[in-house]
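Next up, some structures in structure tokens.
Here come two complexes built around subunit A, the first alongside subunit B, the second alongside subunit C.
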Partner chain A sequence: MKFDTPATTSPIDQLKVIGQPVDRIDGPMKTTGTAPYAYDRHDVVPNQAYGYVVGSAIAKGRIASINLTEAKAAPGVLAIVTAENAGKLGKGNFNVARLLGGPEIEHYHQAIALVVAQTFEQARAAAALVRVDYVRAQGAYDLAAAKDSGKPAPGFGGPADSAVGDFAGAFAAAPVQLDATYTTPDHAHAMMEPHASIAAWNGDKLMLWTSNQMIAWSVADMATTLGIAKDKVRLMSPFIGGGFGGKLWIRADALLAALGARAARRPVKVALTRPLMFNNTVHRPATIQRIRIGATKDGTITAIGHEGWSGDLPGGKPEAAVFQTRMLYAGANRLTTTRLSVLDLPEGNAMRAPGEAPGMMALEIAIDEMAEKLGLDPIEFRIRNDTQVDPEKPDRKFSQRQLTECLKSGAERFGWNKRDPQSGKVRDGRWLVGMGVAAAYRGAPVMKSAARVRLDSRGIVTVETDMTDIGTGSYTIIAQTAAEMMGLPLHKVVVRLGDSTYPVSCGSGGQWGANSATAGVYAACVKLREAVAQKLGLKGDAVFADGEVRSGDRRVPLAQAAGEAGLTAEDAIEFGDLAKKYQQATFGGHFVEVGVDAATAEVRVRRMLAVCAAGRILNPKSARSQVIGSMTMGIGAALMEDLVVDKRHGFFVNHDLASYEVPVHADIPHQEVVFLDETDPMSSPMKAKGVGELGICGVTAAVANAIHNATGVRVRDYPITLDKLLKELPEIG
Partner chain B sequence: MPNSRDPDVFRRDLLVSAAASAAVMTAPSLAGAQQAGSAVPAMKVSFTVNGKTRDLQVDTRTTLLDALRESLHLVGTKKGCDHGQCGACTVIVDGRRINSCLTLAVMHQGGSITTVEGLGTPDKLHPMQAAFVKHDGYQCGYCTPGQICSAVAVLGEIEAGIPSHVSTDLNVKPQATAAEFRERMSGNICRCGAYSNIVEAITEVAGRKA
Partner chain C sequence: MKSFTYERARQPAEAAAAAARTQGAKFIAGGTNLLDLMKLEIETPTHLIDVNGLAFDKIEPTPDGGLRIGALVRNTDLAADARVRRDYAVLSRALLAGASGQLRNKATTAGNLLQRTRCPYFYDTNQPCNKRQPGSGCSAIGGINRQQAVVGASDACIATHPSDMAVAMRALDATVETVRPDGGARQIPIAEFHRLPGDTPNVETALDPGELITAVTLPPPLGGKHLYYKVRDRASYAFALISVGAIVQPDGSGRVALGGVASKPWRIEAAEAELPRGAEAVTAKLLADAKPTSQNDFKLPLVKRTLAAVLAEARG
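Coming up: the complex of A and B.
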């Protein structure tokens, strides 16, 4: 099905099942420990051996020699894989660094060996006996030092630079100006399930049970890396213990499990250890961002400029932190630039809302600072500079844009009028109390997505698509879509995901999953409805409801319509140029109240509200969870998350969950989320968008702005830790 | 409830590849020779898991977590970090919740262990499991078994009068409040960020008990 004209009314709009806050259909499995994650799969293949990964102890250079004698002689060892004996390996389209390093080393903890043994304990013990001599080379590890060597680099979804009007002239002439520089550190996905895979060879065919967000991409990359045909790789990933972008690609566990299984001639399971994950895999790259805003005295932006710097390994991509600034606020004169330097740190790559998450961390402080200079309420300043068209291409409208509504309704609900615009004035016992606001903005991209639906003689519809559920609720919203389209209750739908033998979906990334994958299921269901109608000789007026198909006086149960053989339909949703004609995006307003301990500068988030406008919400319960999860990760970015770079040796020092701190229960208050009524007929037949990344865009700055309101201290270098606040905190006593 | 995975798909592959690997394993391998007289420090241990007696011969280095997962195939208990920093492996041993990755299997001779599988099943959920489903107290589901085991034990700890860092008065029985839950649950990390919902689920179960 081609989607190239705005959606009209369809059976999906009945909203009997879709749009309802139903419990997740996979909930009983997840809460009882019966949902099968990759490393759990004792059931799929017998005789599994254990692989343990050895990571490089240097960041850049080469292996002079590697001595396996002791390791090979250790009890239980079956095989050891290194670059020397692995045979010729390619590199996947989506990998920047090689997944098996040696002799050249590209980054710290790059995998250099896999030790395969009968048991996990034996593999671990033997891995410690692998002796490696390295020749260390000089590397670049400091973004600030490498910044000026940065080259223009396009990012996902846009060119490196953009310019409209005369930014320099307009900024210089502006009566009110802001010129500030912000930094965001490297962030770790730190999903709870380590990267894990079980590989088994069946002749020349590889079966891989793994934890992966993008099945088809990863089949292709696995095949490319191993130098085999794509149809020789089967990848299964029905449950994924979190991804956040970190499992968009195959990682060392998958490749090394495959190589280990080949070498040991039996199935091999490999999980990355937690301390290896931070440097072995990918992370959200640090940024330096300079923002300049010029405005008239009444608060009309006349010039807005955002320049971003980041680093990555040679061949890598920038963190596109300036892209949202092209879209978010009006202003006649505009400038954005993206510069990428070579750094020899581990590979930088996509993490939840790549670009926008760190970009909004800076931009939304800058807007707060500018409002303060203007003496304007920060909500009023944002509303004055709202736009209904793409500010760089004014002919191009937003398909829907309810930013102002999000901010206004949020302000009312949150009690924004109680905020004292003078910072440092509100006390609650030992706490300095403040409120902060930020806009939320995230694009709503769409991707081709296919599905197969089968109606059987029991009247059950089974949906198969290689879509993944990384905690987002894909199982449930796909079941809701099929139930709505086929006129069935939810329990009459079975959903199977994450298997490369199923039709290729959009996968889970870029918050496109919910809208695109369900639209693919919608397309397949439209075909199935046609097949049912055709088989029964019904005209176009057939109604599917309550487990039957009705036309005029005729009522046929779906089970009967299917017959013994059943009926199967397969289709894909393919998107035309509506996304080019209209800028499609999601919007929100984040509201945060913090308390800052007047003596210690300890920050506690006391209240949070997000008001989101993101098209039709397919399941308000799971969608809300996506948003509160993003808000939580946003608090992490505001207050604690920081991969600390050892600039001498080139690695992230705090590579475990005790030293890379993420929010815990005690950090998070009750969180409130409101979805504005919205349907977007430009987005897909589902009229939905996505919310999984919207929630993290802006919320971090809302925390920062609340801290400023509480204390008067403006911190521009994340995370906002006690040391940065204490030195400027008002005197006490 | 229709199951979202199809065991048949996997079984088919299992049979094919089991045949393949069995053929291979008859060939002499590097490993075969070296395993003779292997220096694996093994020991017998016996404990009950979810009410069932289990006798195991384990490597003395094997954690309780790996004994559950790899020897007994009770994979509901998850390995998130393998060194006591995330809580995904939380189980209840002799009435107390512990990180099963931080204790060796051989240390639990005669012990009584409850894992998430021992609390309920998809068809017969424990009240805490049902509350997690109702309040969407999870997303990816990986930390969930640990959260649920912890939550069940937390209510027991409060019931037993064990104070926490946020208990205001050590002479007064701690209350089942959101602040107590947040403090006591802070050893169980949820990167998806379901905390707000998890606290609601625990609050509901606590209220039902009271």
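Coming up: the complex of A and C.
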């Protein structure tokens, strides 16, 4: 199905099942431990051996020699894979560093060997006996030092630079100016489930049970890396214990499981250990961002400039932190630049709202600072510079944009009028109390997505698509879509995901999954409805409801319509140029109240509210879960998350969950989420968008702005740990 | 993890003798720290002597009115004990500020005292660390050291001791009781139990090879207000940036011990004479010899401010 004209009314708009806050259909499996996660799949193939990954001890250089004698002789060892014996390997389209290093080493903890043994313990013990001599090389590990060597680099979704009007002239002439530099650190996905795979060869065919967000991309990259045909790879990833972008690609666990299984001539399972995950895999790169805003005295932005610097391994991509600034606020004279330096740290890559999450961390502090300079309420300043058109291409409208409504209704609900605009004035016992606000903005990209639906003689519809559920609720909203389209209750729909033998979906990334994957299922269901009608000889007026198809006086149960053979339909949603004609994005307002301990400067978030406008909300319950999860991650970015770089040796020092701190329950207060009523006929037949990344965009700056309101201290260097506040807090008695 | 042999100890002196006799032997109780370190091959014992079966799991009054805490009393049970909550609240508060509920259920009194440092370089076997591999160097000096010691450190090591419990015990002047391989008992004042790093940061306590902790005794109740403030980057389940354990008497005199600033709980009795003059005066004496780095110099004002808050709460 081609989607190239705005959606009109369809059966999906009945909202009998779609739009309802139903429980996730996979919930009981997860809570009873029966959902099959990759590393737990003892049942899928017998005789599984265990692989243990050895990571490089240096960040850059080469292996002078590698001695496997002791390791090979250790109890239980079946095989050891290294670059020397792995044969010729390609490199996947989505990998920057090689997944098996040696002799050249590209980053710390790059995998250099896999030890395969009868048991996990044997593999781990033998891995410690692999003796490696390295020759270290000088590397670049300091973004600030490498910044000026940065080159223009395009990111996902846009060119490196953009310019409108005369930014320099307008900024210089502006009566009120802000010129500030912000930094965001490297972040780890730190998902609960580590990267894990089981590989088994059946002749020249590879079976891979893994944890992966993008099945088709990863089949292709696996085939490329191994130098085999794509149809020789079957990849299955039905359940994923969190990904956040870290599992968009194949990683060392998948490749080494395949190589280990080939070497050991039996199935091999590999999980990355937690200490390895921070440097072996990918992360959200650190940024330096300079923001300049010029405005008239009444608060109209006349010039807005956002420059971003980040680093990655040679051949890598930038953290595109300036892209949202092209879209968020009006202003006649504009400038954005993206510069990428070479750094020899582990590979930078996508993490929840790549670009926009760190970009909004900076931009939305800058807006707060500018409002303060203007003596304007920060909400009023944002509303004054709101726009209904793409500020760089004013003839291009937003399909829907309710930013002002989000901010206004949020302010009312949160009690924003109780905020003292003077910072450092509100005290509650030992706490300095402040409120902060930020806009939320995240694009709403769409991707082609296919599905197959089968109606069987029991009246059950089974949906198959290689879409993944990374904890987001894909199973449930796909079931809701099929149930709505076929006139069935939810329990009559079976959803099967994450298998490369199923039709190719959009996968889970960029918050496109919910809208695109359900639109693909919608397309397949339209075909299935046609097949049912055709089989029964019905005209175009067939109604699917209550497990029946009805036309005039005729009512046929779907089970009967399917017959013994059943009926199958397959289709894909393909998107035309509506996304080019209209800028499609999601919006929100984040409101945060913090307390800052007057003595210790410890920050505790006291309450939060997000008001979101993101098209039709397919399931308010799972959507809310996505947003509160994002808000939680945003608190992490505001207050504690920081992959600390040892700039001498080039690695993230805090590579475990004891030292890479993410929020715990005690850090998270009551979180409220409100979705504004919205349907977006430009987005898809579902009229939906996504919310999985919207929630993290801006919330971090709202925390920072609340801290400023509480203390008067403006920190532009994330995370806002207490040592950055302490010096500027008043003395205490 | 390296292969090891294992035995269950039946009798304390026998266990100590076995530990002294067997090269590379270690005791194991809760295992919350040791097992993690073994998986990473930071600890590589060849033989584990499991002391969980020994009868060290009681909290009993001592003849002089104090409390004797068995070495195997779990942190959860110790924190919840009515006598500890009433008479030694600083200890309850410190325990509950540490780790997580699950870990406290497993972790023992003796094991808590014997925790190893959480310095990230100690945890990464690719990096030099004098504590892990004597003579290899200290990566934290000149590296990442925001969490590390500001006082009592040496050119060989700037690691901190991670325990909260030990800070409270230092404020209480507890005594560590042991049994030695020859069967003799020994009492070690908590002040002398943990060592400064000097040239041998790998030697962390006053225990001799094989010597087994049997109990920790607390002196008779001291009265006063018992407070423990732990300052950290998140609200729970994080090691202290600094902590302050204090016992403050109605007349303003009292005791102060610090965590997160040194390789041992940090207390200087002479500094306590300054309590009537306030937090700044006490801190000045407590941290007179501090040599912070540019990353952790915030700990000095943080101690002062936290102590001020503690004293304000004590005054009510």
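The rule is short, and it goes like this: the second predicted complex is superposed on the first by the 733 of 733 C-alpha atoms of A that agree within 3 Å, B and C clash if a C-alpha of one lies under 4 Å from a C-alpha of the other, contacts with A are read in each partner's own complex, and residues count from 1 in each chain.
We adopt the following convention: contacts are C-beta pairs under 8 Å (C-beta built on N, C-alpha and C of every residue); 3 or more make two chains touch, one makes a residue touch a chain.
These numbers were taken from a predicted model, which means no experiment stands behind them.
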item: First, second, both or neither for A:192, with subunit B first and subunit C second; value: first
item: Contacts of A:536 with subunit B and subunit C, given as first, second, both or neither; value: neither
item: Which of subunit B and subunit C A:119 touches, first, second, both or neither; value: first
item: Which of subunit B and subunit C A:1 touches, first, second, both or neither; value: neither
item: First, second, both or neither for A:241, with subunit B first and subunit C second; value: first
item: First, second, both or neither for A:666, with subunit B first and subunit C second; value: both
item: First (subunit B), second (subunit C), both or neither touched by A:471; value: first
item: First, second, both or neither for A:722, with subunit B first and subunit C second; value: second
item: Touching partner for A:622 - first (subunit B), second (subunit C), both, neither; value: first
item: Comparing the two partners subunit B and subunit C, which touches a greater set of residues in subunit A; value: B
item: Residues of subunit A at both interfaces, subunit B in one complex, subunit C in the other; value: 75, 121, 125, 656, 658, 663-667
item: Subunit B to subunit A touching residues, read off their complex; value: 1-7, 9-10, 13-14, 16-18, 20-22, 24-25, 27, 29-31, 34-35, 38-40, 59, 61-62, 66, 69-70, 73-83, 85-86, 88, 115-117, 119-123, 125, 129-130, 132-134, 136, 138-145, 148, 178, 181-183, 185-199
item: Subunit C partner contacts - residues on subunit A that touch it in the complex; value: 57-58, 75, 121, 124-125, 128, 275, 430, 597-602, 604, 639-640, 644, 646, 648-649, 653-656, 658-659, 661, 663-667, 721-723, 726-727, 732-733
item: Residue numbers on subunit A that touch subunit B, as the complex places them; value: 23-37, 39-47, 72-73, 75-79, 117-122, 125, 189-194, 200-203, 207, 234, 236, 238-244, 264-267, 271, 273-274, 460, 470-473, 475, 491-497, 499, 621-622, 624-626, 628-633, 656-658, 662-671
item: Touching residues on subunit C, where the partner in the complex is subunit A; value: 1-3, 39-41, 118, 120-121, 123-124, 126-127, 139, 142-144, 146, 229, 231-239, 241, 298, 301-302, 305-306, 308-309, 312
